[in-house]
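Presented below are the structures under discussion, each in the form of structure tokens.
Presented sequentially are two complexes of chain A, the first with chain B as partner and the second with chain C.
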Partner chain A sequence: MTKRALPLRWLTSEHPLPWLFPVTSLLIVFGLYPVLYSLWLSFYKRNPATRKEKFMPSWNWEKLLSDERVWDAVQITFTYAFIALTLQLVLGLTIALILDSDKRGFGVLRALMTLPLVVPPAVTGMMFLLMYDSSFGVISNSLYSLGLLSPSTPILGTGSTALWGVIVADVWQWTPFMVLIMLAGLRALPREPFEAASIDGASSFQAFVFLTLPMMSKIIALAVLIRGIDLFRIFDYVKVMTDSGPGTATETLTAYAGTVYFKSANFPYASTVALATLILVLITASLFIKIFKVRF
Partner chain B sequence: MSFKRFNKQNFIVDSANKFTAGKISKRQFLKNMGLAGVGFSAYSAGLLGGNNRPFFGQMAHAAENTTPPEIADFLREAGKPYAGTTIRYTSEATPPTNVLNELKSEFTELTGINVEIEIVPLEQVLAKATQDVQGQLGTYDIYYLDQAWTSTFSPDTVDPVELYESNADLAMPGFDFDDFSKPLVEGICEYDGKWIGLPFDIPIFTLMYRKDILEKHGIEVPRTYEDFTKAVEMITAAEKENNIFGTGLQAKSGHYSLECDWTQAVWGHGGSIFGADKNFSGNDEAGIAGLEWYQNLLKNSPAASVTSTWDGQWQMGAAGQIALCQSWAEFFPGWNADDSEVKGLWEMAKPLEGSASLRSRDDVGFGEIPGWGHQGGSSIALSRYSKNQEAAWLFLQWACSKDVMTRCTLIGGFAPMRTSSYSDPRIVERKGLEGAGTTRHLDTVKWTIDNVMASEPDLAIWAGVANNEIPTELGKLLTGQDYDGSAKKCMDQIAKLVDAVVDEADLG
Partner chain C sequence: MSSVKISNLEKAYGNVKVLHRLNLDVEDGRFVVLLGPSGCGKSTLLRMIAGLESVTGGDILFDDKRVNDVHAKDRNIAMVFQNYALYAHMTVRKNMAFSMRLNKTDKKTMDEKVNWASSILGLDEYLDRLPKELSGGQRQRVAMGRAIVRDPDVFLFDEPLSNLDAKLRVQMRTEIKDLHQRLKTTTVYVTHDQIEAMTMADEVVVMRGGYIEQSGTPMEIYDNPNNLFVAQFIGSPSMNILKCEVQQNNGAQSAVIGDTHFPLPTNSSLQVGQIIHYGIRPEHFHVSTQAQHGSIVGTVKVVEPTGPETHVYLNIAEHSLCAITRDRIELRPGDAIHLQPDLGHVHLFDGDTSNAI
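Moving on to the complex of A and B:
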């Protein structure tokens, strides 16, 4: 046996390591390394004038805790995630119930629901930016006509409405995702309990509350978890539509990390803010999994 | 909905339908949108696949290639060893960059050196340059540097004067550094006695006004801030029903454009950004007066002002939505372009004079130069980390040579960097033009540069502060998110934030 043949034989053997190696290495390079690098970076204080970095492990973390913009961003992130998730869940389930039918044409409607999902989020942001335009935007003008808004308060330029403006774009794009998951769940439900309930005289509403919802709870929890994690990382819509403004009215944690990175070039502090977002997501997701007993 | 607005919306819809049906070009579509006052940003223009900054307007008839024979011979000879090399340059879609992008093939024909110009929004230029210098990557051979970033990037560029003197083989004959406008060199590209690049672009604040509207209401061209305020209020009151406002602003929260407007207001009221003690001074009496004046202007501007950067402000002018504007002189050629609805109606005057005298340079910090006309110039600089430094240096000299710079002005209508361009017969003869390619505003621009040009401070953290802390807090005030409308509260908060950043960088 030659020396070269030995590793080759080991690679093609049934030993688990060669089979795990490709995926593990990808995970390390693209998943673990960036996180560890960010963590390492967060232990340095950067002087933006001299560009020198000094090892001061607690500097950025202490700064993070005393930074008012971080706390505002946490609040906005939670508000954004909660409102968007609630709307997407309610709308997603409602539309799924409507589309859960074998009647002619419903298959096409279900397929059409996927269209918003293939639009890049930045393009969605641009679309809504134009629709909100105070001169000709269809949404703005409709709201002006209904007397719900005044031309002197542009949707994305007013603190009280800007966040809602961004949320609407998110809801438009991601509600279909909820619809698809809910539809998959609804169509997998067994028919027998519903037939039995019907024979017992249960109304459609009662069947929904006492059968559909309990049986769908695990699917709903999973969908909420996936979308919730995504919502905590929101960046595209904010960047394109408001650039965190007006003021900091739409500044989420990731948007703030982007500002610190791109505008102030403070890479260690930006890494710290990004890591704080990761920690926040982990804690929130873990609590959710525990409370709602999500099983994969 | 007014009939006027109804018509405008129909016009937009028709234009969009024609564009999607391929009946009109993308360029024509964007022009139509500009006329209709549609708020396309550079980003949205980018999504449509174009690179032209909207306020560029239409190009004048391309000037013929007039490269002097001795320059052409020099480039052919000097460029030989580098033929086939590709150099990269990232820039904002400023008018000079757009023109250079059109002309660069002439350089490639002479030298065989390829030039890639990557045009992105200003904040991305900053991010890309920052990443490049942080890793000393040399991805870009040439940096486009806004004047606010001069000190930030001074360690990362090669001094062109030194390079010219030390490398005679690559020194373009007759390049003439002394021909560059002295105030521009000082305000844009000189730091700590070193040239960090070559002056390339000089957007500077002047007053622009619609002569037809001023005549209609019997208003004299404003000379002072008081005159301007009165005129703006009077026009808004009289013309608001016609969707015409006294002025329009570039007050987008968190954007550098808002910071530029603010500094102009502060200097105009006798204030400054920093005091001699290197503490932020925008919260003193003069600074507060400036900001309060600006807050009042917002009441006399289109609502879109708070979501507009310079692109949006240009569109307000091109669409005939505003009557007076103290802003970038580079707007002027586009507002007078042949396809503008208000062609020939805009005129330019000297920037407004404040009632309080300007602070002297000894009374301010970090090399700030208070003045009546905010300059937002830029330079193009040779990267210290470039792997194609010789080829890039040849391009830099060609791009900033007398002939190319004069032709850039002829095509784009913006102010030249070189004093010789102003007396060039081709520039002089276009003073009589009303439409595209007019140079009738350049005397006022030159006067402003030579006499009352204001420059922001030179400190290495300025790029961050000017793009983040200041415009973000100003945005909170102007949109009512915080500070209860109190300019003083807002300025005190900015003072706290800016002084903390200065201290953190050990610059205080």
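Moving on to the complex of A and C:
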């Protein structure tokens, strides 16, 4: 074999480093650096009066643990993520089962299904804000006329319903994502076991329970993981629709971090709350992966 | 148990017709074998009986009741799929017990049945494995087990032994036959192995290209093939076929190919000059090293002793033939060999239509 010129010799598959360099540097610059920077920031105590920062590594973390608003936010985040995820999973699977057909027109339906995904989340928030409006909002007015809601308790303005109002927007936007993943899984299922099951006397419901679900379990787990992580970071809908209100009824962890950052300009503490979110996501996701034995 | 009747059954995929107006009557308790080359529509027919393929035309009747629109799950059939179709996420035991689990059989009966099937099929050690941890032949036996634990009206088998080794295949063949003799369940069995067909069937249905060529008991089909295709498809080594012209010599008719004259049965009503296919099975030659009255001479090419009998492949003029003898005669390639056709077993087919004359 002839020796190639030096730069070319480095660009063969025997030398992985040059190939790994671009994506690694991107990850370092845009992934690792911000995290490390936040961590470093969280070790400083900010004096709001003097606007000076002082190195005190445990200050913010101690504050975090004793901050009632953080614990409230954790609870709201979990509630939000759990309800939204359950709804999206159930709806997503149901719609996917309906759309999993080779009949005419279903391809078009599948394509239409993806439309909500291309709407920017902030716009979705605005859209629902308008639909919830107590004087002209279509959703509010429908609920009024059905007697399910009274104009004295606007959806987003009432503590007990505000979180649901936000969840509905999230579900509208992200259920199609679940549908897409579930459809990909359903369409890839082999046909033969289902034929065998119908010979064995299985009704379509039994086939769903005993074949579809177990065969889809990996894909379902993966979808739950991806969506779950995303839901923990919920920010845009809350910001646009309720701005954590009324009171702190819809204040999730990231929303709280935003408030601390933008309203009190306490950057070190905001970083700490943001990191807490990250830690929460990591723990929850790892537990999920462990318990449900998710494999990639 | 029920009879299966098929009348004018048709199947088309789009514009492609794969089954053409089939008629078939499987009496209650019979063992019918569908036999034919690859792609002739055996699986399609079986899957239609099972209710897995829609019917394009005609009817399927179970016990004279039309079942065209009855769902597979309600037909009470058991089927072994050509591609096994096992439940990949279930163990062998669960695969076999699935149907019983669905109809809520009690645990004890379920275990008994699974153990009974697994001992017949030699799967005892594999009961707790997943299908992906089994060899092809073992998977096929699981598919078999899943069917035989049932108590169906009709058994459908789609080449259930195709992936087993020779010994196991013979053993399973006997087991299936024994099972059928005990349970007397109507069975439709697909194979392209004519030995399987001959040994197992009450009735053989020979198919080709979406048509039924002939059906009858194995012996009927063997002794009286309707046409050239059936004649050559049944029997191993297959029937010798020579395209001959009928000529008149010394007051008797004979079939002539090149310089060779094959004697014809005296009762055949052939015209001089007619083109025919002259068919004779290898075992219906009398083989000798000496010239006999009316014998034909050929040159030995290959000699294959199988133990009880010897297969001799030979050339007559430029045509290859096979003859089988049970006599122990010394033959070497290149030797001259003399054949006397057994006139009672000569099959004649029309030169144009290939149908039996």
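Everything that follows uses one rule, which is that the second predicted complex is superposed on the first by the 282 of 296 C-alpha atoms of A that agree within 3 Å, B and C clash if a C-alpha of one lies under 4 Å from a C-alpha of the other, contacts with A are read in each partner's own complex, and residues count from 1 in each chain.
Please note the rule applied: a residue touches a chain if its C-beta (ideal position, glycine included) is under 8 Å from a C-beta of that chain, and two chains touch if they have at least 3 such contacts.
Computed from a prediction, not measured in an experiment: that's the story for all the values here.
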item: Overlay on chain A: chain C relative to chain B, clash or fit; value: fit
item: Following superposition on chain A: angle at chain A, chain B versus chain C, Cα, nearest 10°; value: 150
item: Chain B versus chain C as contact partner of A:Ile28, first or second or both or neither; value: neither
item: Contacts of A:Asp200 with chain B and chain C, given as first, second, both or neither; value: second
item: Which of chain B and chain C A:Asp243 touches, first, second, both or neither; value: first
item: Chain A: partner with more touched residues, chain B or chain C; value: B
item: Contacts of A:Asn266 with chain B and chain C, given as first, second, both or neither; value: first
item: Partner chain(s) touched by A:Met215 [first = chain B, second = chain C, both, neither]; value: second
item: Distance of closest approach, chain C and chain B, by C-alpha atoms in Å; value: 47
item: Chain C to chain A touching residues, read off their complex; value: 50-52, 71-73, 76-79, 81, 83-89, 98-99, 102-103, 146, 150
item: Contact footprint of chain C on chain A as seen in their complex; value: 192-193, 195-203, 206, 210-211, 214-215
item: In the complex with chain B, residue positions of chain A that touch it; value: 47-51, 123, 126, 129-130, 133-136, 141, 144-145, 151-154, 156-159, 240, 243-249, 259-267
item: In the complex with chain A, residue positions of chain B that touch it; value: 1, 8-9, 12, 36-39, 43-44, 47, 123-124, 126-127, 130, 134, 252-255, 303-304, 306-307, 459-461, 463-465, 467-468, 472-473, 475-482, 501, 504-507
